[in-house]
Amino acid sequence: MINVFNSLLVMILALNLLALGSRSILSVIRIIAIQGILLGILPLILHEGLSIPQVVASLTAISMKGVVIPMVMIHAMKNIRIKREVEPIIGFVPSSILGAVITGSAFLLSNQITVSTGGYENMIIPAAITTILVGFIQLITRYKAISQVVGYLVLENGIYIFSLLLIEAIPLIVEMGMLLDLFVSIFIISIITNHINNAFSSLDTRRLTTLKE
Amino acid sequence: MSLQLIIVAIVGIALSGVVGILLGKSVKCKQALTTIIVLISSVLGLVGAFIGLFSEATSFKFFYWPTIGGALIGLDELSAFFLIPVFLIGGLGAIYGMGYWKLSEHIYSSQKLQLFWGFLVAGMGLLLIGRHVFSFLMGWELMAISAFILVMTEDEEAECRKSGLVYLIATHISTLTLFGFFALWHYATGSFVFQPIGEGILQPGMLNALFFLALIGFGLKAGMMPLHFWLPGAHASAPSHVSAILSGVMLKMGIYGLIRVGLLLPTPPSLWGTIILTVGSISGLLGVVFAIAQHDIKKLLAYHSVENIGIILIGLGIAFLGRTYNQPEWVALGMAGCLLHVWNHSLFKSLLFFGAGSVLHSTGKRNLDIMGGLGKKMPVTALFFLIGAIAISGIPPLNGFVSELFIYIGLIRPTALGDPHAIGLAMTAPVLAMIGALAAACFVKVYSAVFLGSERSEDIKPVHESPKTMLIPMAILAALCVAIGVFPQYVTFILESIIHQKILLNIIPLKIYSFFSLGFVISIVVLYIWMKFRPKKPKEALTWDCGYAKPTSRMQYTATSFGNGFAIMFEWILHSKVHKTKLNDVMPGQVTFESHVNELVLDRFLKPFFRKTQTAFSWFGRFQQGASQNYILYILIAVLFLMAMLVPYNEWFLPFIKN
Amino acid sequence: MIDQIIHMSVYILMPPLLFGIMNKTKAYLAGRRGAPLLQPYYDLIRLFKKKMVISSTTTWVFYAGPIVTMLAVIVAGLLMPLGQSHAIISFTGDFILFAYLFALARFFTTIAAMDTGSAFEGMGVAREMTFSAIIEPGLFFAFLVFVKLSGSMSLTVMLQRNLYGSINQNNFAPLVMVIIGLSIILLAENSRIPVDDPNTHLELTMIHEAMVLDHSGPLLGLIEYAANVKFFILSSLLCTVIVPIFSSDGWLSWLGFLTGIILISFMVGIVESIMARLRMSRVTILLFSAFLLCGSAVIIFER
Amino acid sequence: MVYFQVIIPIALALVALVVPSNRIRPWLIPITGVIHFCLTLWLLFNPEQCYVNSWLILDPVGKIILLNVSILYLVCSFYAAGYLQYRLENKNRIFVACFVAFIGIFTLVCWSYNLGVMWISIEATTLITAPLIYFNKSTQSIEATWKYLMVGSVGIALALLGTFFLAYSAIVGGTDASMDFYYLLKNGGTLNKGWLQAAFILLLIGYGTKMGLAPMHTWKPDAYGEAPGIVGAILSGGVTSGAFLAITRIWQICNVAGETAFTSKILMGIGLFSMLIASIFMMNQRDFKRMLAYSSVEHMGILIIGLSVGTTALFATFFHVIASTMTKGMLFLSSGNINRAYVSKNTRQVTGAIRRLPISGTLFLIGFLAITGTPPFAPFVSEFMILIKAFAAGHLVAGSLYILFMLVIFMGMGVTVLKVVYGKVPKDVVDTPYQDGILTAMPLVAFLVMILVLGIAMPASLTHLLNEAVSFMGKPI
C-alpha cells in the first residue's frame, strides 16, 4: 500500500515541476486540477479501514480541488480576452530547475528532522515542503494575476499534504471549513481578477503598482 | 490645609476656560467671568503656597490609578516656592489677556486661548505637587501640550507653524527622555514614588545615567544651551502674555525638575556640578550675545530667557559642588541665588513680555529698527518696561541685582576662604560680570530703540496707550521688582526656610544694602523734582544736529547699528548674514542693507541633519514599490530566516567538518 | 567721627581739583599757561546757575539720566576707602555693588543720551556699551586678585590690607599686571586719551562727550561732577593699591593718599599730552589686553 | 449564547442582501452593533455562560478581545450609518452585508478553543473584509484589495501549516495529535521542541501577516489608504486584535512548554523591527491615511514587544490592545471625515482641517497626541507601562530602542499631522458638501471620552478583567 502512496506522491511532485515548466495558463490549471484529484485520493489509501467522514472529506476535497476550483478559474479565464501566456519573471527552465533543486534539498533536509515512528512521514514531510515552496516560486515569479492564484493553490495543496499526517486529529467540520474557505477565497480572488481585467484590460500585476512609497 | 487650597485652585483654573465654553456664543461677559474664576483660584493658590512655604512637607494618596501605589501628590517648601510664580503670572496674565486678546477682536481663538491658558497653569501646578511618576508626567504633558496649542494660536502664519512644530518635537524629546529617566528610576529603585536614594545604594554608572537623562530632559524644557533651539521661535510667535508665562514660568519647571532630581539623588560627583556650571555660563553668555543680534523684540526677550536660565544654572552648579565638597555655605548661597533668580526672572521677564505685548498691540510691529519715540505716546508702558529692563540687567536697586549678588558671593567666597576647589567658581564670576554688562547694553538698545528718540518709520502710527487691563498687571509686577530689590531681607527668610540654613543674612548684611538702596531711590526722586521744577524754565529746541540742514528721524542710530560693535566682537559665533546693495558710483541711488543671524543649533545643525535623515529614509522606499510578488517574497524570507534559527548547526554540520 | 568728616569733605570737594591739575599739566606740556587750577569749580558753579536748553524729542528720561548717574557714582564712592581711612559703608561683597553702581550710572547716561534721538549720541552710547562689556569682567578679575590676597570680600579690607607685607616673588608679577590693567581701566572708564578724547570737537570721534552733547546747564553740571567723582574714585582705588603707606597715623596716611592721587592725575595729564587717541578697533584690543592681564593674574594666583 | 452572537449578525447580513433601499439598509449596522454589544455585556455578567463545549469557550483573554471589538463595532456602526448616507451614489448592499456579517464571524474567533476553528474564522474575517476595502470601486481600491487578498491569504496559509505543525508536534511528542487549545495547553510539556518552535514561527508569521507586523505589513498601507476610514478602523482595531489573540494562544502554549526564552527573543526582534519599519516609512509620509497604517504597524510592534517581555507586561499589553484600538478608531474615523471634506488624502492639498472641520480636525490632532503616548490619554499608560516593564525585565537596550523609535515616529507623524490640521483652508475645499454631522462626529467624541476615562481613572471592573486575563495567561496548567 505504502508503495502506491509513495508513487502517488512522486507523481504529485512531478506535476509540481510540470506546472513550473508549462507555458500556457490553461494547461497549468489542468495540471493543478489533476494534482488536486490525486491529493483527494491519498487519504483513502493512507487508511485501510474506511470511515464515512474520511470518505466524505476526501470526496469533497477531490470535487473542490479537482473540479470546482479549476472550473471557477477557467471560467474566469473564459470571459477574459487575454493572451494565455504565463509570463514568468525568471524563465521556465530555470524555475523548473529551481523546483528540482528544492525537491532534492527538501528530501535531504527531512532526513535530519526527527520524525515519529510511522513510515509515511519520511515521504510526506518532504513532499509537503517541496509543494509549498513550489507554490511560493509560482507566487513570486509570475506576473499574471491568475497564475499567482495558481501558485496559491499549489501552496494550499502542500499544506493539505502535510495535513495527511494528522488525519484523525482534524475533525470533519474543520476540514470542511478549510475547504470552504479555500473555495471562497479562490472565488473572491477570481472576482477581483475579473475587476482587474475590466479596470486595466489586462491581468498583468505590473499594472498594479500605483500604490507605493 | 495648604495642599487642599492648592488643589482647589488648580481645579478651578483648569475649569475656568470650560465655563466660558459652556456659556455659549450669546454671553458677552464670559471672558471676564473666566478671568475672574482664574483670579479667585490663583489667589487661593497663592495663599495655599505661602502657607506651604512655612509649614512642613505634606503628602497623601490621591485618586485611584492602575497598578501603582504610594503618595501621588504632596507639597513641600520647594513646590510651594515654585507654585507662587505659577499662580501669580497665571492670574496676572489672565487679566492682561482680557485686554490683549479681546474676545470681540479674536472670536475664533480667544476662547481656545483661555481654555488652554487654564490647562497650562493647572498642568504646571499638578507637576509641582506631583510626588509620583504618573501625576508628574500628567502635569508635565498637560503643560507641554497646552503650551503647544497656545503657541499655535496664530497658525495662519507659516512662521508660527514652523516654530510650533519645532516646539512640539522638542518637548516630546524631553518627555521621552523623562520616560527613559523614570523607567530607569523604576528599574533602579523599584518604585514610582519620588523618594531620595540613600548613599551607596546604586552604582556610579547608574547614577550618572539618571543624572544625564534628567539633565537632557529637564534642560530641554528649561532651554539651556545647546538645547534651547526651540525657545526663540516658540516664544516669539506666541501671543505676548503666553510668551510671558512660557518664558517666565514654564522654563522654570525644567529648573524645578533638576533641583528635585538633585534632592532625590545621593551626593553628586564633582562632574555634575562642573557640567551644570559650564552649561550655565555658556547659556548665559551665548544667550545674551544672540539676544543682542536680534531685531525682533520678542525673539530678543526669548534669548534673554536663555541667558537668565544660564545664571540660574550657575547658582545651581554652585549648590551641586557645595554638596560634593560638603560645604553647606556654598549650597546655601548657590540655592539662594538660583531660587531667588527663578522668582525674579519670572517677575521681570513677564513684565518685559507684557511691555513688548503692549507695543505689539498698539503698533502691530515686532521689528526694533522701525520703532522709536513710543515713550511719549505710551509713557506708562515705557516706565514699566524701563523698570523691567533695569531689573533684568541685574542693576541695583532692583531685584535682579539681589539674586546675582548671592550668586557672585557664592562664586567668590570660596576664593576668599582659600578653598582648594575655588578656581572654577572664581573664574565664573567675570563671565557673570560680562553677561551683566552685555545684558545692560542689550536693554539700553531695546529701550532706546523702542521708546526713545522718534519714530524711525511712518507705518507705526497711530499709537495708543494700552488699556488698564494690560497696565495693571505690569504695574503689579514692576512694584514687586522694586520691592524685592529694595527690601531683599524679607525674601531671604523664605529662601532660608527652603534651604534650611539661617546663614544668608550673616554672610551678607542685606539690611545695610536695603537701607542704602532705599535712601538712593528717595534721593533720586527728590533731586528729580528739584531739577524738574526749578524756577528757570528750560527752553525747547531741536536736538543738536551738528549743523546738518535737514535732519530726519531715519538718521537716528538704529538697533542694528547699535549692536554692530558686538556683532563684530562675537562674529566667530554669530555668523551674521548681511545682504546689501553694492555702492558702485559716486551718487548711489536707493541702497538697502539687511542683516540677520541664524539660530545657532536649529538652523546650523538640526535642520540639515533632519533633512539628511529624511533623504536617507526615503531611500528605503524602493523596498515597497507595489509589486505583490516582492511582498510575498518578504514573507518567504522572514519564514526561512526564522527557520534558519532552528537549525542545530553543530550536530548537523560538525560531522562533515570533523572528517 | 572727625575722620568721617574729613573723609567726606575730601571726597565731595576734591574731585574737580584733579581735573584742574590734569588740565594744568597738559597746558604746561603744551607750553601754555592754561586755566587756573580751580577752573573746574567755577565751571560747575556757572553751569548750575545756567538755564537749560532741552531737545523737543526728549522725555523725563533725559532729566533722570544725569541725576541717577551722579547719585550712583557718589554712592559707589561711599564704598571706596581713601588711603587708610575706612569707607563710609562696607560689607561683604560691596565691591560687587560698587561695580554694578557704575553699571547703573552707565545705563542712565546712555539712555538719557539715546533720548535725544541724535545719531552722534547713539554712536557714543554704542561705543561706551561695547567697551564696558570688556571693562567690567576685567575689573572683576582685578578684584578677584585682591580677594585672594586679602581673604576678604569688602573693599576696605581688600584694598587696605598691607599688600606689600605679603608680597613675594610669586605674587609680585601678578600684582604688577593687575596694576597695569587697573590703570588702563581707569583711563577707559573716565574716557581719557588714548581711549577717548575729552576735549575734541569732532563728535564722530568721541564717546563720553558725544553722549552728553545735548545736556546743558545743571544737568551738564551733574554729569561733569559725576565724571570728576568717578575719576577720583578710580584713581583712589589705584592709589590705595600702589602707594606704600606704612604709617597707621591718620595725618600721614592722608598726606600719602593725597600726594598719590595728585601724582596719578599728573601721570594721566602727561599721558594725555604725549599720546594720541587710538583707533576704535585698536581701543578694543587695548581693553582686551587689560582684561587678559587681570585674568592671567587671577589664574597665576589661584593655581 | 455564542450561537446567537454568531447567527444574528449573519442572519441580518442576509436581510441586508434583500433590503432594497440604499438609504434604509445602512441602519442594519447600528442594530447589529447594539444587539451584539448587549449580548457581550450579558456574557460579562453571566460568566457561567462562557463555556459551551470543549470547542467554544470564552476565556478571560477572549473576553477582553470580544469586549474591545464589540465596543469598537458599536461606535463605528453608528458612524457607518452616517457615512453611508454621504455615499449613496454607489451601492452599499455588499458593503452592509459584509460589515454586518463581520462581527458575527469575529465573535467566533474570540470563542473558538479549537485552533482549526480559530484559523477558519480568522480566514473568514479576511475574506469578509475584502469587499469592504473594495467599496470605493476605484482602480486603486482594486489594487489594494488584490494585495490584501494575496498577501493575507499566503500568510494565513502559513498559519494553517503552523497549526498542523503544532498538532504534529504532539504526535512526535508521544501524545495523540489534536488542535484543541486546552488539550495542547495541558500536554504542553510533552510537545516536541523542534516542531513546536517551527509551529510558533509559522503561526507568528501567519497571524503576524494579519496583524501587520513588519516585514509582512506590506498590504497594510495600501488597504488602509484606499479603504473608507470606517473600514480602516474595523481592520486596525478588530481583525488585528483577533490575530493578536491567536498569537497569544500559541505564546501561551510555548510558555507552558518552557519555550519562553526562545519566543521572547523572536517576538522582541519582530516587534522592534516593526517599530523600525514604521518609523522609517512615517518619516516623510505625505498621505495621512498611509501614515495611520504605519502607525498601526508600530502599535502591533508594541503589542508584540509587550508579549515578549512576558507575564509582567501582560496587563499593560492587553490594556494597550484596548487603548490603541479606541485611539486608532478615533484617528481613522476623523481621517475619513477629513478625506471626505477635502477629497484628497495628501498633505499638499489638505491643510487647515481644524478650521474646515472643527470637530474632526481637533480630534485628529488629539488622536495623534494620544497615540504617541501623551498623558492623560490611555495609550500613555499602556506604552509607558510596557516600557517600564521592559526595563524592569532587563531589556535595557530594547527599551532604549523603543524610546528612540517612538521619538522618530512622533517626528514623522507630527510633521504630517500638523500640516493637515493647521494652516489656511484651500479655497476650493470650502464648499465641498461634507460637514461634521451628529452621526459622523459623535462617535469620535465617544472614543475621546473612552480614552480619557481609561487614561485618567480606569474602571475597577476593567482592571479586574485584565488581571483575570493576566493570571490566566500566566498560570501553568
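Just so it is clear, A, B, C and D label the chains in written order, and each chain counts residues from 1 on its own.
The rule is simple: a contact is a pair of C-beta atoms (placed from the backbone, for glycine too) under 8 Å apart; a residue touches a chain by one contact, two chains touch by 3 or more.
Please read these numbers as outputs of a predicted model, since none were measured by experiment.
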{"item": "Shortest walk length in steps over touching chains, chain A through to chain B", "value": "1"}
{"item": "Longest centre-to-centre distance from chain A, chain (CA-based)", "value": "C"}
{"item": "Dominant interface by contact count, named by its two chains", "value": "B-C"}
{"item": "Chain nearest the global centroid, as defined over all protein CA atoms shown", "value": "B"}
{"item": "Centre-of-Cα separation between chain C and chain A, whole angstrom", "value": "101"}
{"item": "Chain centre separation (chain B, chain D; CA means) in Å", "value": "42"}
{"item": "Distance from chain C to chain B - Cα centre to Cα centre, in angstrom", "value": "37"}
{"item": "Centroid spacing, where centroids are CA-atom means, of chain C and chain D in whole angstrom", "value": "78"}
{"item": "Of all residues in chain C, the ones touching two or more other chains", "value": "none"}
{"item": "Junction residues of chain A - those touching two or more other chains", "value": "139, 148, 205, 208-211, 213"}
{"item": "Residues of chain D whose C-beta touches two or more other chains", "value": "143, 146-147, 150, 154, 194, 221-222, 281"}
{"item": "Category of the chain touch graph - line, ring, star, complete, other", "value": "other"}
{"item": "Pairwise chain contacts under the document criterion", "value": "A-B, A-D, B-C, B-D"}
{"item": "Residues on chain D engaged by chain A in the complex (per definition of touch)", "value": "114, 116-117, 119-120, 123-124, 126-127, 130-131, 134, 139-140, 142-147, 149-150, 153-154, 157, 160-161, 164-165, 167-168, 170-172, 174, 176-179, 192, 194, 221-222, 225-226, 281"}
{"item": "In the complex with chain A, residue positions of chain B that touch it", "value": "618, 620-621, 624-630, 632-633, 636, 652"}
{"item": "Sites on chain B touched by chain D in the complex", "value": "63-67, 134, 137-138, 140-142, 145, 152, 155-156, 158, 161, 164-165, 168-169, 172-173, 175-177, 179-180, 182-184, 186-187, 610, 613-614, 617-618, 620-621, 624, 626, 628, 630-632, 634-635, 637-639, 642-643, 645-646"}
{"item": "Touching residues (chain side chain B, partner chain C) in the complex", "value": "372-373, 375-376, 379, 382, 386, 390, 393-396, 401, 404-405, 408-409, 412-413, 415-418, 422-423, 426-427, 429-431, 433-434, 436-438, 440-441, 443-445, 447-448, 451-454, 507-509, 512-513, 516, 520, 523-524, 527-528, 531-532, 534, 536-546, 553, 555-557, 561-566, 569"}
{"item": "Complex contact set, residues of chain D against chain B", "value": "143, 146-147, 150-151, 154-155, 158, 194, 197-198, 201-202, 204-205, 209, 215-216, 218-219, 221-222, 266, 280-281, 283-284, 315, 319, 354, 369, 372-376, 380-381, 384-385, 387-388, 390-392, 396, 399-400, 403, 406-407, 410-411, 414-415, 418, 422-424, 457-458, 460, 463"}
